[in-house]
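Next, two complexes with chain A in common: one pairs it with chain B, the other with chain C.
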Partner chain A sequence: MKRLLKGLAGVAGAVALAVGGTASADKEPIKFALLQDFTAVYTFVTSEYNQGQQDYLRLINETGGVEWHPIETIIRDTANEPQRGLEAYNRARREGAVLVDFFSTPVSRAAVNRVLRDEVVMITALHGRGDASHGETFPFVFPMMATYWSQATLLADYIDRHQGGLANKRIALVHIDSPFGREPLPVLQELAQQKGFQLRSFGYPSPGTEQSATWSDVRRYRPDHVIIWGAGGGQQVSVREAIRNGIRPENILSVVWLSETDARNVGGNHMNGVKRFEAVAFGQEPAVIQDILTHVIEPGLGAGPAANVGSSYYNIGVATMAVAVEAARLAIGEFGAPLTGDKLRRGFEMIEGFDARGLMPPVTITATDHQGGGYGRVSQWNGQTWEPLTHWTNAFQDIVWYEIEKDARGFRDGR
Partner chain B sequence: MFYRLSGIHHTRYESARALWPVTADRRIILGLLLLALAAPFLLSDLYLTSYMLPWLIWTAAALSLTLLMGIAGQLHFGFAAVMAIGAYTSIHLTRAGVPFELALLGAGLMAALIGCLFGAAALRVKGLYLVMATLAMQYLVEWTIINVPAISGGAQATLSTPDVTFLFVPLQSDGALYYTALLWTVVVTLLIMNIKRSSFGRALVAVRDKDFAASVIGVNPLKYKLLAFFASSFLGGVTGAVLAFCYYQAVTPEQFGFNVSIQLVAMVLVGGLGSVIGAYLGAGFVLLLPIVLTNLLAFVAQFDLIPISFNLLSHIPLMVYGALIIGVILFEPLGLAKIYDNIRKYFLVWPFRHTQS
Partner chain C sequence: MDFQFLIELTINGALTGLMYSLVALGIVLIYKSSGVPNLAQGAMVMLAAYIVWIFAGLLGTPILVAVFMALVGMFLFGMFTERFLLRKMVGQPIIMVVMLTLGLESLLRGIGPGLLGAAPKSLDLGLDMMPIIIGDVFINREYLVGGLIGAAMVGLSLLFFRTRLGTKLRAVSDNHISSWSVGISVERAVAISWGLAGISAVAAGAMWGSVQGVDWTLTALLFPAVAVVILGGLDSIYGVLIAGLIVGILGSVIPGYVDPLVGGGTRDVVTSLIILLTIMFRPHGIFGREDIERV
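For the complex of A and B:
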């Protein structure tokens, strides 16, 4: 029965491809598994992120595929539950997926040992373990964008260079009380020693819808700058509470998870001046997004509402797939088809100075550095859009790599 | 008819009190056990590692909880925390060089100790108030794990399980992991069935039904409530360790969050409070049904019959799942176990209609 169903599914897939008439159906497909959380915790980002990924892959398929190989996606909901993620992963692996993207920290943490054993590439852009940047320890895991440590050092560097220096300042880190919220602490503590500023961390309980007690503590501390570190609904609460407690919006800096939706929810022009770390450019101007508009959205092939195209999280999704497709292209060019997990890994490690035509900072991934340099920039909400304040840059990578190596060593010893 | 009673007469108490006095039941159990033993040879690795293995382990967890909630009547909404204590204790013990067999014991004892501490609240409060006390346990344990890096494993808050052997077999292959989990689940199953027919079990039931009445007939509620918490937390702790070593192979605090506690309570309730077969059915329902529904829908969706967005598509299983839970509870408030019981009773006297009990 199972075999029969599978056969039917195969026939149906073939028919759909033939009828759909994609330009690139003449070589065997490359399978990417996007097994993400559409229904539980990450819903604030997943739908836009996944839409960006699908639209970009559609664009690739519409314009000839990867060296004439079309890309097929396996998309499943995991509800942020490790056991469902692992089931979906095992299934996708059997169907021949060479790349997985869980976009969920608990699931990708549970999957690390398995992808290393099965030789399947796992991308963990802006989630998962920061120490996976250590390529020798985690050969099949690719954070491929700035880790949370690099984001924290970049924000501190911005204060140092553009907001009057770090020395003798009081910096408050207001974070969700979870491993994710505590992640920037070690690098900021190290920086506080080097640069001579005071740092205090203030945790608020998950999920962050109620933070007023924390922020009265923050007010008493009289910080010069506040770094907010949360995700989802808690972020707009943080911004609102910060402003209510007399902190000027210019002095609020955020981790990457702050979007135009949060600005709308904070309301009015209250959020004008708030700054965030940005890993990928915002808006519809980048050339890739323009191509998606012409080839995918206008013919009506988009995977979701056209209004999302160019939003912060949509563009992050596009960027992840742009890097993955570039890696697949390099791997097929160098090692030939069919693409395997190991070939794709080596493809990733050949990426050099790739910026997806201006969508993202130039990324160079090597066998040792899977973070790609830790580049990003600081942008500011001006009421309409996120206005970049700096060029693409990175900061204090020595401190970041000290942490990466320390944790990667712990992972090796723990086995 | 199918569960034939003719020819079964008991001349001794031992035979009347046997676990399965009816021949047909024994045959079914034997058949299921043989199937379970042969599963690694019958099923592909996908179904073995992604369906059977987690199902067995979650069944053991649901059985541990049903001892407390179903048999002893003490509500517990923080059972995932109990399992977390077991998982973290076993990992830290094996990392310190303790053999895995002893680490399992240590996991159980540590969970039982801390479980009893919070269970002590049960001596004073009942019902919804006990729910609050156990909820406090859930959050306190989670908070402690997250905030003490020595427990959670530093900034990444992930601990990989070290390579261990269980009864001289290295826990590496899918088969070894599966048989370890199967062994533990069978042990827990037999234990709970035996508790139910022993004086200990009857004392727990007496406390559940009315604790002061139990006290009048000479059952000390204080002692038995604490014993129930101790036994259940011990089993839960070992199950947590088995879950960590045989299934996740890396533990993080999120794996034992509040939603997991709620899932465990749902398994026990949907399966049928205090029922052993209910724990199996409930764990299957809560754990596997969402996966099956998701895959079923993804299969239907690839025919492109109706154009719906993926976002909606991924929410449909939730709607169906919710409707099914309400359906089960409306159709049979005593849970899936009672549905099986009704079917069994129907066939007991088939083709006649009326059953005695």
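For the complex of A and C:
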């Protein structure tokens, strides 16, 4: 029923869910606002992502809260509309939220100036503006996972180290024709000059349901490797068209938005061998996911279908809240309650080598670096699961930081 | 010039265009009988695809049974839509009726993913993913089957309008009052046309769902379908076929050559230009009927 409510635009906006629990009731609750797109563009990921966030916060509340402070969530639908997002943000701020997660690039971009002024922490994991990694320019914005620039450089590095090198190769970037799709271009162009490979980009119109003409052109380019850069249903269309046009799955690499659902939809074993950037471990093995199963799912306290637990996007949601809770814990420990946005910001900037017990790469956030190091790994679909091919690593951060600083300078100059 | 590239773009574009025709056909069927441009047709395609998926993917029935169930379900959905929504709008300004279909589109787009989950669903029609290769020309097998079904559906629609029931629908499309005066139930005729639009939505939903998975983005097929009906003529079934081919071929060949020069994304520009230029220079489309009213 909750799902249905989320599906009905105009109704879901009113949903505000408090995650109860066994944390001490006399301690002031910490309020996190998860104001996300449940009904428009990001629907392919939001339900699992948000479920992971809620389940993790339930786990925290069931096991004592953050220094005995329970965490309350404010959940509202923004439908990926900046106006609705800002309206929901204003309400959440009045209700005492110290952290907001829009999980939508247009909404979080629209909210940047507001959160900077209001001193409310905004997390922008795997979305939003890459230059928000520049902590001095964006003190209250925390990408806290690899930006799209870091993802592109890491995929290129994988080709360089493990697939015969980049020199003299032809790389095709096949992307949705949007700012998100074009985001990796500058770092890949810089790498093409440094490493001596040919790069050509091929855009397809949003939402990516029909890409046949694009892939006819890609095939004629005869690329050695193809990097696909899209999200949602367009990703499986890209994989199918690539394979149909004779590109071997092992030579297809993807941005983080490629999941086991896409593999199932491509069908059979066609996607076996396709690689992707991975920001967070997949599956139920990580200790924190096991804890969720024990303390949240088995007692029937889960926020959604148990089958989602351990999925790619569920685990990303868990990881975002694990980092946020760690920041809150550090902030309260160092500066005491009540938790404010500014204290929480400083808590984030105290995080060092935090990996959520093996769920994610070790993240170190400083006042300068809000990206957390830009770490990730490459994993491969083997027909059953995403198999990691590398350790957690990062690559060409000098190139990434050149872009971060250039764009942050533009923001400061009002461009 | 690389002629094999041009041939491949043309063939795959033509087949894609015929698959757009499947969506556009529903719009024309409704417009022909009731004069209502149905902006919910994209959402009806999505709904039909979800029904096929429920039976084939969720309940595990054979795909033909799933399609049959969807045909029944969508025919009834079309009939009920006319009975409980459109009929209440008799006498209201046409713009309000159009807004109603837009509201229906929004509602369906929310309900489908809301009830069944937003992640794209797999719809396997059992078609081989590998292309047919002739020389260096790759022909997409799914588009080939979809294009043939599109052409067949248009052919069946043309035949249908030669039957007794089809003749009644043509009479209704000509003039509601005259049809009433000779004893034709206009309401029933319009309801049947909505039901038939539901059936064409099943064909479109199954084919496009197989190509891209089943999710809300199927509703985006409305845009190229609108280009097809505007170019072909809102009331012309022939128009759906020819305009589908034109929209598909232009939307494939022009981006194929221009995208590399400008960095991509010109297909939607081509589709938009088709709509704009048609409305400016031939507002009733290539085959549409131009009504001249005495003032």
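In this section, the second predicted complex is superposed on the first by the 392 of 415 C-alpha atoms of A that agree within 3 Å, B and C clash if a C-alpha of one lies under 4 Å from a C-alpha of the other, contacts with A are read in each partner's own complex, and residues count from 1 in each chain.
Basically, a contact is a pair of C-beta atoms (placed from the backbone, for glycine too) under 8 Å apart; a residue touches a chain by one contact, two chains touch by 3 or more.
Computed from a predicted model, the values in this text were never measured in an experiment.
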{"item": "Touching partner for A:D177 - first (chain B), second (chain C), both, neither", "value": "both"}
{"item": "Which superposed partner A:A167 touches (first chain B, second chain C, both, neither)", "value": "neither"}
{"item": "Touched partner set for A:N90, first chain B, second chain C, both or neither", "value": "first"}
{"item": "Touched partner set for A:A307, first chain B, second chain C, both or neither", "value": "neither"}
{"item": "A:P106 touches, of chain B and chain C: first, second, both or neither?", "value": "first"}
{"item": "First (chain B), second (chain C), both or neither touched by A:R240", "value": "second"}
{"item": "Contacts of A:P186 with chain B and chain C, given as first, second, both or neither", "value": "first"}
{"item": "Contacts of A:T39 with chain B and chain C, given as first, second, both or neither", "value": "both"}
{"item": "Partner chain in contact with A:S47 - chain B first, chain C second, else both or neither", "value": "both"}
{"item": "Residues of chain A at both interfaces, chain B in one complex, chain C in the other", "value": "5, 9, 38-39, 47, 177, 182"}
{"item": "List of chain B residues in touch with chain A within their complex", "value": "44-46, 49-51, 54, 95, 143, 146-147, 152-160, 162-163, 247-250, 252-255, 287, 290-291, 294-295, 298-299, 302-304, 309-311, 314-315, 317-318"}
{"item": "Footprint of chain C on chain A - complex, ascending", "value": "3-9, 38-39, 43-44, 46-48, 175, 177, 182, 200-205, 207-210, 212-214, 216-217, 219-220, 232-234, 236-237, 240, 243-246, 261-262, 264-265, 267-268, 270"}
{"item": "For the chain A and chain B complex, residues of the former touching the latter", "value": "5, 9, 12-13, 16, 38-39, 47, 50, 54, 75-77, 79, 82-84, 86-88, 90-91, 94, 105-106, 109-110, 112-114, 129-131, 177-179, 182-183, 185-186, 303-304, 403, 407, 410-411, 414-415"}
{"item": "Interface residues, chain C side, partner chain A - complex", "value": "2, 5, 8-9, 12-13, 16, 106-107, 110-115, 117-122, 124, 129-131, 138, 140, 143, 208, 211-213, 215-218, 220-221, 251-253, 255-256, 259-260, 263-265, 267-268"}
